[in-house]
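For reference, the structures are reproduced in the following blocks.
Across the two complexes that follow, chain A remains constant while its partner is chain B and subsequently chain C.
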Partner chain A sequence: MALMSSLLLVQGESPRTSEYQLKAVFLFNFVQFVDWPPSATQDSQPPPPLLIGILGDDPFGAFLDETVRGERLGARPIQVRRYRRIADIEECNILFISRSENERVAEILAAVKNRPVLTVSDGDGFASQGGIIQFFTDKNRIRIRINLDAAEAAKLTISSKLLRVAEVVRTPRR
Partner chain B sequence: MNSRSHPTSLLLLVVALTITASPALGQQRDSLQALKRLTLDQLMNVEVTSVSRRAERLAQTASAIQVITQEDIRQSGATSLPEALRLAANLQVAQINSREWAISARGFNSTSANKLLVLIDGRTVYTPLFSGVFWDVQDLLLSDVDRIEVISGPGATLWGANAVNGVINVITKEAKDTRGLTLVGGGGTELQWFGTARYGGTLGSRANYRIYGKGFARDRTLLPNGQAAADDWRMGQGGFRIDWDASTSNRLTLQGDLYDGRSNQLSPGDIAITGKNLIAKWGHTVSAHSDVRAQMYYDRTHRDIPGTFGEDLDIYDVDLQHRALLARHDVVWGVGYRLINDRVANSPGLAFLPPHVARQWFTAFVQDELALVAERLHVTLGTKIEHNDYTGFEIQPSGRLNWTLSPSGTLWAAISRAVRTPSRIDREFFVPAQPPYFLAGGPNFHSEEELAYEAGYRHQNGPWLLSLATFYSHYHGLRSIEQTNPPNPTPLVIANGQDGESYGAELAATYRVSDRWRLRGGYTELRIHVWPNPGSTDTSRGATESHTPDRQLFLHSSLDMPAHLRLDGMFRYLSRVANQQLPAYAELNARFTWQPVAALDLSIVGQNLLHNRHAEFGTPTARRQIQRGVYGMAQWHF
Partner chain C sequence: MAIRDWPIKRKLTAILLLISGLVLLLTSAAFVTYEIVTFRQTIRSQLATRSRILAANSTAALAFANEADAREILGALKYDPHMVAAALYDRNGRILATYPAAPSADLIPAAPQPDGYRFEGGHLVGFTPVAQGENQRLGTLYIASDTKAVSDALRLSGVIAIVVLAIAMLAAYALAAALQGRISAPILALAETATAASTRQDYSLRAPKFGHDELGVLTGSFNQMLGRIEEQKQELQQHATRLEQRVAERTKELERRALELQAANSELDAFAYSVSHDLRAPLRSIDGFSQVLLEDYGAQLDEGGRDSLQRVRAASQRMATLIDDLLKLARVTRTEMRTERVDLSGMAREIVLDIQRTAPDRQVEFAIAPGLEAQGDSRLLRVVLDNLLRNGWKYTGKQAQPRVEFTAVDENGGRVFVVKDNGAGFDMKYADKLFGVFQRLHSITEFEGTGVGLATVRRIINRHGGRIWAEGIVDQGATFYFTL
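Moving on, here comes the complex of A and B:
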């Protein structure tokens, strides 16, 4: 049977879309539908890269790198960074928090609080915990939930085109 | 018996294969560029397949599948798994008495219908005693069911033994979807009282659990002369499920149930039914293109029918499955091992000999779905190879074709071979328990064989969902009862002296009239012919093997009314069962629900409303009359 499986390694196109391939494309879209506040370095030459960080176990494999390869936002190249520890997070623009970090989401969000970082995760309850964009799955389709209070606190402006397809929530008041 | 070392070596094999089967990522580039060009709206409509979920693929499979959703079950007011199965138009469902049901697909229905594979969360529940299902002990909280997939026609290649005429796959919700406390209570005329409690919570941030308990009592049915049939019964059951996302690529599930029931009977002494089961599952995502699933379970059942029969059955089962997306191929393969330890307490009137047996099954399957034209034309080839202690090796191949004509329509066709391997009753059943025998087992009984040809069409367009399946099956070596020394009428033995054929069509449709009103219906035409082969002395022409109406109709209307009210009606018609002289019947169930606040549901349900009493199964003297029933129910969710 092992022989049979190896014989089946034929070239062609995969007929299905895997979850994290699609999520990678969503992250790429967020770059275009979110406005970051002007920063001190953005007009420097060469232009600084727009950074997408992944904190924790990387579920994307090569998908995210493939998706943003050669892509730019204006003059800024888009690059992927991977982080293990909260302390490692540089000045990234988008921070994807892996489900492996579920237990310390509050700690991570506190660390980037009031910084212009678009926090994204597919962990349960991420948006209600104060994360900005949460992926969830409904009927095999990827849905997004946006916490507008958290976006405003981070001084990010989210395009109405993105808000229109998202479920918008607010941080629960005490 | 080396059942301990066996899984380990299988696991090593799987790991070895997984490593060799890592696909090339470069092939993804074209589809990636296509994805990047999509608008946000279009991205929202892309369907994702998480590799591990075989179930999602099933709806696209080239087979006659119908899905009963949680919504369907809730709205129907069904109070047991068999009642919920009435919602699948491609099943034949008949209530025999208060506790027993005859359920089959594509005919061959009987009290011991034996050509169906029934799975609850991956646990096979048909009994190796007669390859049928004791429906009285297949219980769960219906509100925890996510969906029931009902496949009519052979599913043996992927699903396994006994899936000759169909598969019923009951899938419960994940623990994360059943959080909070839910209490349900109620009672009525036939379902006299019932109560359930379920609580779901979290264990840390990565694990969820639920626990439940339930109990009920059901009233007796009536004998043909109108007297009580003394089959009233009651049951208690509890269970749990834990889902643990151990890491992003590893997922573990542990679940189990425990039950205890008592039933009255016409002869002295109560029938006792008890049992327990425990399942452990592990899912591992190797990459976006490959994953492995392993499952192990233990299932124990005890049944004591005083004066007739008693049984203690232990089942041990291990399954491993690997799925890999390799370019245009979607390959699934797996191996399984099953051990049963069955101890029967015989009575003077009937016996299973020897009373105590241990039997084992080894299975392997491989299936490849090849995209001849991506997203348009898929062909699936596969086979199952099984080894059992009765007949040795059995091979069950199938070929399927799936042709997507347009975004709304899919044509499919399939050819399959399936076998129903012997169970204890086919080989080891003796009447009476001592010689001289009236029935002396089936020493030469071998597998019943089926060759099935199917074709179908599925159409989804706006509010319409339509599915048509047509089929022709030929059966060879169907079970017969033969005279050993004709013309002497006895002794008899069980053999394979009959052949047969079945053909028909199954139509199912859903129509959303408006946001508030939904109609669901099904219509099945089915013909079964069974005849004796040369040399056979069985002249029953299938009268002992199949009790099935020629046609059946089902209609469900679900109306969401203002003021938090809702009304559901379910009508069914089944034509006569000729070989039981059972007349045709039509019945209606209705449910009226009021939800005064979001957390509270109050409902009243009427079952079998059209007649005071009716019969669904059995010859004129043996059949039981099912009475009209009404019950009220309250459900709180905190």
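Moving on, here comes the complex of A and C:
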């Protein structure tokens, strides 16, 4: 019983701060469960970094930088980039779209369409709008919703393990 | 019974059983130990494999903190009843999910421990890293398995070991019982033969030989020894038989000689008797006619003629005495013995009185011990005492204070009678001639006598089964000892 109460305590502590801490870890963990199509630059020396981009207001603060510090995928270092405008977006692999960009989601998605970019956001209805991964909260826990059609369109392969722990949706037919 | 007193059979069996038992025990122990060690290794690697599979499956659940999924993955452990508990820790060491869903507190450590698999407090526990990709550590999987499988394996291999041990010991016992005979049988046979030979003294026995090993050599030597003893025993018996034969032969010869001697002696006695007897008649004529000549014609003879006649008479009288003595000697051997109790002291006193009556002018001191008695023929014993006492009286004739004793001493359980005088004595180198017929140590002019007396005495003593001997010193006296 002591263990159970300590478990509850861990999950109950400071929900706001730990929410983005957790999301930062999740964002980083996606690197392990998603395969990007081979790119022209990936075998060059030195290996190109794997880029995690944040578009709009950065809700993570230092958490994300701390999480990815020193981490690599194979030989590729993992780096965080922050963008203010759609035009700034370069060849990033993961693009986190901040809630501040909620109004422009369709525009942003259109901009990265057909490019191997894993789009992530915690904005409501992101997945159904064509985003690939959406964070949502269920019973006080952060869950993942994945739009498989969007992932396929982006030529990304998502590990079945990730699919196991996620809620899978399809793009609604117009 | 002390071990050293056990029969060889039992000793051999015990040694064989002890050795095989020890070997089997060590082998069984090694077998059980090997079983346990390999089994522990096996279940440890099984747990490691299972842990790695589970860890690989639970990466996403850990990566995205999906508690339900994690619980579901761990829940699969229920298909293995040996799995006691399991837990998934996240990167920060916090528990994400447990198996069973509500475990008792002491089964799940609060924080992950170093990776690895170890036996701990009756459980096999393992901490496995959960990682996706190369070095992406997501957390830790903990699994605890009970060691019932190990104890089951231990029990099984123990039972197998005990069964094998029991069967092997039975086989070893049977083999030992069958094979110990190879060694013990020759020894037992040897011991049996030795016992039989020594108790029955039968040296014709032979121990059976079983082979040409050391025991065979021993048996051979033993049999040879028996053979040698047998031969020697036979030789000894032959010698004894030969010796007995010779003794018997000698005895027969001696008996024959004795008979011959006896015959010769009695012939001689008869001769002496008849000669003496026949000599007396002419001698009486010589003496009688000499007396007639002296009385009737003495006046017509001169002095020389009368003296010659006197000498003829004296010589013929002495010859008569001699013949009488010889007859007496012969009679001693011819007369029959009548044994009775004889009062020697009284008899000696009578003889002394008789001696003193015939020569009242001589003063000789006689000392006769009272109460001397003996078993024998009184007539013959009187001859003995008469001779010895008269000899003492006679040979003290030149002594100033003559003295003759008759006593007895007890020597070696027998009675020895002693007649002792202080007279002329004799030289000890003539001691063996003393008792011969006609043997005289003094001339007739010194002391008169015929030389037959002591010979007679010895014959009488011999007829009584006794012995007579003498000691003497010249001029200091003689002592005669006799037994009856």
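To be clear about the criterion, the second predicted complex is superposed on the first by the 157 of 174 C-alpha atoms of A that agree within 3 Å, B and C clash if a C-alpha of one lies under 4 Å from a C-alpha of the other, contacts with A are read in each partner's own complex, and residues count from 1 in each chain.
We adopt the following convention: a residue touches a chain if its C-beta (ideal position, glycine included) is under 8 Å from a C-beta of that chain, and two chains touch if they have at least 3 such contacts.
All of these numbers come straight from a predicted model, not from anything done at the bench.
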Notebook entry, point to check: Which partner does A:R141 contact after superposing on A: first (chain B), second (chain C), both, neither?
Noted result: both
Check: A:I86 contacts which: chain B (first), chain C (second), both, neither?
Finding: neither
Next item on the list: With the two complexes superposed on chain A, say which partner A:A62 touches: chain B (first), chain C (second), both, or neither.
Entry: first
Notebook entry, point to check: Thinking of the overlay built on chain A, is A:S18 touched by chain B (first), by chain C (second), by both, or by neither?
Noted result: first
Checklist line | Comparing the two partners chain B and chain C, which touches a greater set of residues in chain A | finding: B
Check: Touching A:L73, do we find chain B (first), chain C (second), both, or neither?
Finding: second
Next item on the list: Check whether A:K161 is in contact with chain B, with chain C, with both or with neither, and answer first, second, both or neither.
Entry: both
Notebook entry, point to check: Who does A:V169 touch here: chain B (first), chain C (second), both, or neither?
Noted result: neither
Margin query: From the superposed pair, tell me which chain A residues show up as contacts to chain B and also as contacts to chain C.
Written below: 1-2, 4, 6, 10, 22, 25-26, 29, 33, 141-143, 161-162, 164-165
Next item on the list: Flag every residue of chain C that touches chain A in the complex, lowest number first.
Entry: 57, 59-61, 63-67, 69, 91, 94-95, 98, 102-103, 105, 108, 110, 132-134, 136, 138
Next item on the list: Spell out the residues on chain A that touch chain C in their complex, using ranges where they run on.
Entry: 1-4, 6-7, 10, 22, 25-26, 29, 32-33, 71, 73-74, 141-144, 159, 161-162, 164-166
Check: Residues of chain B touching chain A in their complex?
Finding: 13, 16-17, 20-21, 23-25, 27-32, 35-36, 38, 40-41, 43-51, 56, 176, 204-206, 245, 247-249, 287-289, 324-331, 333, 364, 366, 368, 371, 374-375, 378
Checklist line | Of chain A, residues touching chain B in the complex | finding: 1-2, 4-6, 8-22, 25-26, 28-29, 33, 57, 59, 61-63, 66-67, 98-100, 102-103, 105, 124, 137, 140-143, 161-162, 164-165
